[in-house]
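Both of the next two complexes hold chain A, though its partner changes from chain B to chain C.
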Partner chain A sequence: MAKKNPTQMQTDWTYAPAPESTSHIRLEKKYQLFINNEWVEPSSKKYFPSINPATEETLAEIAWANEADVDRAVKSARKAYKEVWSKMSGIERGKYIFRIARMMQERAREFAVIESLDCGKPIRESRDVDVPLACNHFFYYAGWADKLEYAFPHKIPEALGVAGQIIPWNFPLLMAAWKIAPALAAGNTVVLKPAETTSLTALKLAEIIKDSGLPAGVVNIVTGFGDTGAAIVNHHDVDKIAFTGSTHVGKIIQRAVVGTHKKTTLELGGKSANIILDDAPIDQAVEGIINGIFFNQGHVCCAGSRLFVQENVADLVIKKLKSRMESLYVGDPLDKNTDIGAINSKEQLDTINKYIKIGKAEGAEIYQSECSIPSRGYFCKPTIFTGVSQSHVIAQEEIFGPVLTIQTFRTIDEVIQKANNTPYGLAAGVWTDKGSRIFNLTTKLRAGVVWANTYNKFDPVSPFGGYKESGFGREGGLHGLSAYLK
Partner chain B sequence: MKKSYNPTLIHANSRVDKVGVEERVARFQTRSIKNEAKKQGLLMVLNMIDLTTLEGKDTPGKVQQMCYKAQHLHDVYPGLPTVAAVCVYPSMVSVARKALGNSPVKVASVSTAFPSGQSTREIKISDTKYAVEQGADEIDMVISRGQFLAGEYGFVFDEIAAIKEACGKARLKVILETGELCTLDNVRIASDIAIHAGADFIKTSTGKIQPAATMQVTYTMLMAIKDYYDQTGKMIGMKPAGGISTAKLALHNLVMVKEILGNQWLSNDWFRFGASSLANDVLMQLMKTESGLYQSPDYFSID
Partner chain C sequence: MEVLKTYKIYIGGSFPRTESGRYYPLLDAKGNTIANVSLSSRKDVRNAVVAARKAFGGWSEKTAFNRGQILYRMAEILEGRKLQFLEELKKQGSSKEKAAREVQAAIDCLVYYAGWADKFQQISSTVNPVSSSHFNFSALEPMGVIGIIAAQETSLIGVVKFIASAICGGNTAVVVASEELPLCAVTLAEVIHSSDVPGGVVNILTGKLSELAPALASHMDINALVKESLGGLDKPIALACIENLKRNITYQPGTEHGLQNITDLQEVKTTWHPIEHIGGASSSY
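So, the complex of A and B:
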């Protein structure tokens, strides 16, 4: 033991609050519908509040579009398609998309702050992941706009017409970018509905779209609840439905479009397997587990929510995982040091808590990090369950929160079987030092994306989408572009 | 009981994924250290510095000046701590010892044919004993990188154990010279060898080879320390040396130590910076927290 140092200093070092400033953002008290490049009152005259989930305060009132409003938006999109957008050359379309991308970049900080306020996600993520990726999607697809015949040789690429797009609340701006950018590049016009809890960044994007001089009606944004979405899905003059959200709603949409001319892509839920083999670089695998399940509070459709650890390293991995969980900062989404922010809504927090209760009742062993959570707002401690089997509800159903189930396995064949034994098939992760094991698993796992020695990596160039009840169609890359072409 | 090289202990956790380490390290670098936390962090950094001069042209005069600076970092700022230690060649230990008198600042001496380590074990042991006899509180040894890369782990282990014995009461810092070890897997293996062979501290570099104390390397070594602590309950110290010349980088290192090992490692008993120019940048930042303005480097002494 070392000699006592006479100049011994205080070692209790805590980070001072480092909140991102909100002084530079501009939010209206009330937001109207964005139709034909104009802000119009909803014919319903109804508005609903958008809540900051970290404080439970109302950020703004949002217009609630009804069938008549959706009809107006679709008509405006159809007119813009027929008269302007379908006649415009690809190179000119590309210029508009590039311009939108650049304007988003210029206002990246404002987008990041509003996203964190409205959505609850930590500013570190909205600043470093959501907003830059959203901009990159516009940049990427802008480049394709005048090269469609090279993207799809031996075909005459033709736009579909009016695309109805419905997006979720977990990555509001990013999902808007995933939907709008390829649609415009391929020559379609758009009616987009953001999720009811997170409309604000889509409406800020509408401001940019207006300022960019994009011809009126090419992008229309209608806000509202499920009935608004249903009005889009059921509208006779919509040529394409692109939906990202729950499998439950995906099934309703699928039923609604049966027998119509509407093309559909659905990107739905997941219960993705993250598989740690005994030769994996353990410390990095633990980081991958953390990133896989706690990124964006676990509100990620491809979250690595089912962890499979090989039995001979399970104790070590779980011990290290618990220790690592203790160094996660849970709290104010706007603090630059926050790792885990607020749960998006009270409703979602109730759902997560319901599953935590079920997990306990099923006899799984719960561990939650010892962090304190704010008394106001919707927060959930990082949670893991050990002693879980395939038959547990918490291992079968999508929780969409910071809740991980852990199972062990002995052989590779066993883990392949278990990983595939789910109605979902969105993503998977494999951790091993051996290239041969990676290729063996990636060819056998039935999931749209398989990550090796990493997790939750996204890029506009890379297609994304699911097997089975995780949906069909791909977004991102050339695949994402082809979904908007005849 | 005599310690010996045990492959199952040493190689149990030697797989390190460089891409994953880079990602993790980047996360530490996004931590925002503001206001009081920044000030306290900067003071801790000063108190963790091993003020170093290791040059062929070192003279007693140079070492005496450095020893004064070690105790009087910037007297216009009241209440500053001293640095942790001065680090010199064995021939300068007695000069430093005398210059420091009763000061809490420790004398660290490099040894074992620093920096290359290319000598016999006998000479390395007598080098070490000489430095201890001259009054060194701490010994910074280098490992035999040639033997390590040749896979002679047992040789490296035994050498560290022999030097530890020669140290007596002096604390032993084992320099891995990570810039010559090529991979993070090797850094991890070397860390485990040093820890199990009796190191009190593990240290990244001599400062003579680039790259030196990158955060990736320090991270890998901190994980080795953590694993050893989790298994045995024994704390091992860490000293990144070479290449940390700014306050910002030093604070990122502190963040990393705090989040991996916890606050109990945040003292100069367990964490050091080997640096020659870091202190003045930290002082400049400290003065800025008071005045809001950056002063010219000419206002900070360069002993």
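So, the complex of A and C:
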């Protein structure tokens, strides 16, 4: 620093802003419910705003569906199931799904921008992860529609009927794709409810569904809050409930369907362990830790939120981790340089701050990167806690934000026990250079997805879902089909 | 003078009486006492779960081939004890022909699942061609400790099919025998005990369904509950299962058992592993 730069090169490495343009997106001021391929006013006459969490500005007004609206949507889905969709050949069903995938690809950029506006996630992520994965999900399941009899040996594939689907706000479009694509491929019709803070991309998807010529009523999208979701869950003519969200709400849903004929799949919370062994490639592992906990602001059910580092490399790993955290850009989700965008809602930011407070009170040592955060909007600095023990609340409960707890361990047995000592079982990560050690750990960790020397990777062909209280059923891949077949 | 058998329960590889000291008399059609059967308690359930959890690591890590051999050994021992089971079934009201069919079905069932042990994985696993440089596969893993409520209207086959399909895939089990027809389940414990099945892998309790089923359903360290529909008991059991999101698997009575009985008690685990591409020939080697 003291030396003068002889070549006069710029040594201030801050990036110039590189915001993605919003000029090419089309957003209505007001969105109605999408029922039977038509935009209909909610019988509740009520609307609620969808807020851009980075600016706190209202993006659009969204219809709030009540019980009567949900009933209308289920009736439309039932009619479409009975009269059209269940009678259509697999190859024809598949063609519609392929067409939806293609039309999404054509409008990918618009989807990415709206997703970042509505959800707060960095444009780099919505552009490179959410939207392509969502398109690919439709593309993957489209091809299954006429091949269902190959999927499960000794089983005659049969659709369930009307699927009620309730999705979260962390990957709005991607979750809609995860739900709709396999349901349609298996021959079901759909009533989908997006999360109340992130309805926009699902409604844009409805535009595509309409444009694609998909028969009316096959997909219905009803927006609203928890009461709208409850109306779907409790509707007598729904055959299947697929839910992604918190374990708490998952259990409420499961209670509600007891004694009915409804099948459920639940993709719930997690507190996933990310384990760094002393022979791991440390720099790659540090990238993996960053990606594990700060990807999508930590709003990831499978986030690697419990880091376990082998004691003899802990100091080094934590030092490198802190240094890497300093290079993370927190800010405008639409800026292509941004690593960490906005927290999805004020409510979620409050939850995260509550946990940060608890962590400090429990005696864990906090470190936050020194980055600046915008004065407006909901933002949270990347945060890690060291000196954490198993009994700490922040090591047990899902925070759903950019907050990492770090524990150390000495032996492999110890870390397996610690990692598995949780009611959750969604995902885990293992970092080591030794193949046999990887498979020792990956087979003993009680989790539905295990990443070895990588983290937070997703693919339409790759089944995803949890053990224990992280839910049941799988989404993606061949196994994801079984959730929508008898 | 005939030496009568004491019907005890089976926990962690030993045959204790219920810790509660209670019993219930089993009567034949004429009202004569056939046996005094253990009336197991909630505490027995808890002890059995501890034993089953302790046995889970070792059993699930045995090779599939080895588990198949042990299941086949069970079939061998059951075959050797055929007469005893026939007698017990008749004592409990079965006709000679029906008893013979049931014992044969139980032996066949064990042979059937012995064969599945090292095959169901191959049929149900996938290698997933992801669009990135990773080797990605999904394989089945046992869920853990399974609560089994034996099919109530049979004494032997209704317990054998659920035990065999659970342990075939590496799970351990806590079993509640048929309340009215409990004898064969206890004798089956002796078969299991002499078949190289490690202690704790299968634990068998007798007693009142209304007392033991809720205890199984609400236990936080049981991963799944398997049964045939029990009518009015189904709903409270389903509700109790939600506390730890226990997988609640209920078959309609008379459903034929098969591969699904195994896979219903398995979790799908997906593993991602990077593939390095450095040097080497690209496509023309």
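Here, the second predicted complex is superposed on the first by the 474 of 486 C-alpha atoms of A that agree within 3 Å, B and C clash if a C-alpha of one lies under 4 Å from a C-alpha of the other, contacts with A are read in each partner's own complex, and residues count from 1 in each chain.
In the analysis below, a contact is a pair of C-beta atoms (placed from the backbone, for glycine too) under 8 Å apart; a residue touches a chain by one contact, two chains touch by 3 or more.
These figures come from a predicted structure and were not determined experimentally.
K.L.:
Quick one: classify A:Ser21 as touching chain B (first), chain C (second), both or neither.
P.N.:
neither
K.L.:
Touching A:Gln254 in the superposition: chain B (first), chain C (second), both, neither?
P.N.:
In the superposition, A:Gln254 touches chain C alone.
K.L.:
Does the superposition put A:Asn453 against chain B (first), chain C (second), both, or neither?
P.N.:
both
K.L.:
Check whether A:Asp433 is in contact with chain B, with chain C, with both or with neither, and answer first, second, both or neither.
P.N.:
After superposition on chain A, A:Asp433 lies in contact with chain B alone.
K.L.:
So, A:Arg124: does it touch chain B (first), chain C (second), both, or neither?
P.N.:
First partner only, chain B.
K.L.:
State whether A:Ser462 touches chain B only (first), chain C only (second), both chains, or neither.
P.N.:
Only chain C is touched by A:Ser462; chain B is not.
K.L.:
State whether A:Thr442 touches chain B only (first), chain C only (second), both chains, or neither.
P.N.:
Only chain C is touched by A:Thr442; chain B is not.
K.L.:
Regarding the shared-chain residue A:Ala280, is it in contact with chain B (first), chain C (second), both, or neither?
P.N.:
A:Ala280: touches chain B, not chain C.
K.L.:
Which partner does A:Pro153 reach: the first (chain B), the second (chain C), both, or neither?
P.N.:
second
K.L.:
List the residues of chain A that touch chain B in one complex and chain C in the other.
P.N.:
Comparing the two interfaces on chain A, one with chain B and one with chain C, the shared residues are 453-454.
K.L.:
Where on chain B is chain A touching in the complex?
P.N.:
Contact set of chain B toward chain A: 13, 15-17, 19-21, 23-24, 30-38, 40-41, 43-44, 47, 81-82, 84, 104, 171, 200, 223, 230, 254, 258-260, 263-264, 266-270.
K.L.:
Can you name the residues of chain A that touch chain C in the complex?
P.N.:
Per the stated touch rule, the residues are 136, 153-154, 247, 250-251, 254-255, 258-259, 266, 268, 423, 438, 442-443, 446-454, 457, 459, 461-465, 467-469, 471-472, 474, 477-479.
K.L.:
List the residues on chain C that touch chain A in their complex, please.
P.N.:
So the residues of chain C in touch with chain A come to 123, 126, 128-132, 134, 136, 138, 141, 143-144, 223, 234-235, 238-239, 242-245, 247, 258-259, 267-274.
K.L.:
Please output the residues of chain A touching chain B within their complex, sorted ascending.
P.N.:
2, 5-18, 124, 128, 279-285, 287-288, 319, 323, 327, 336-337, 433, 453-454
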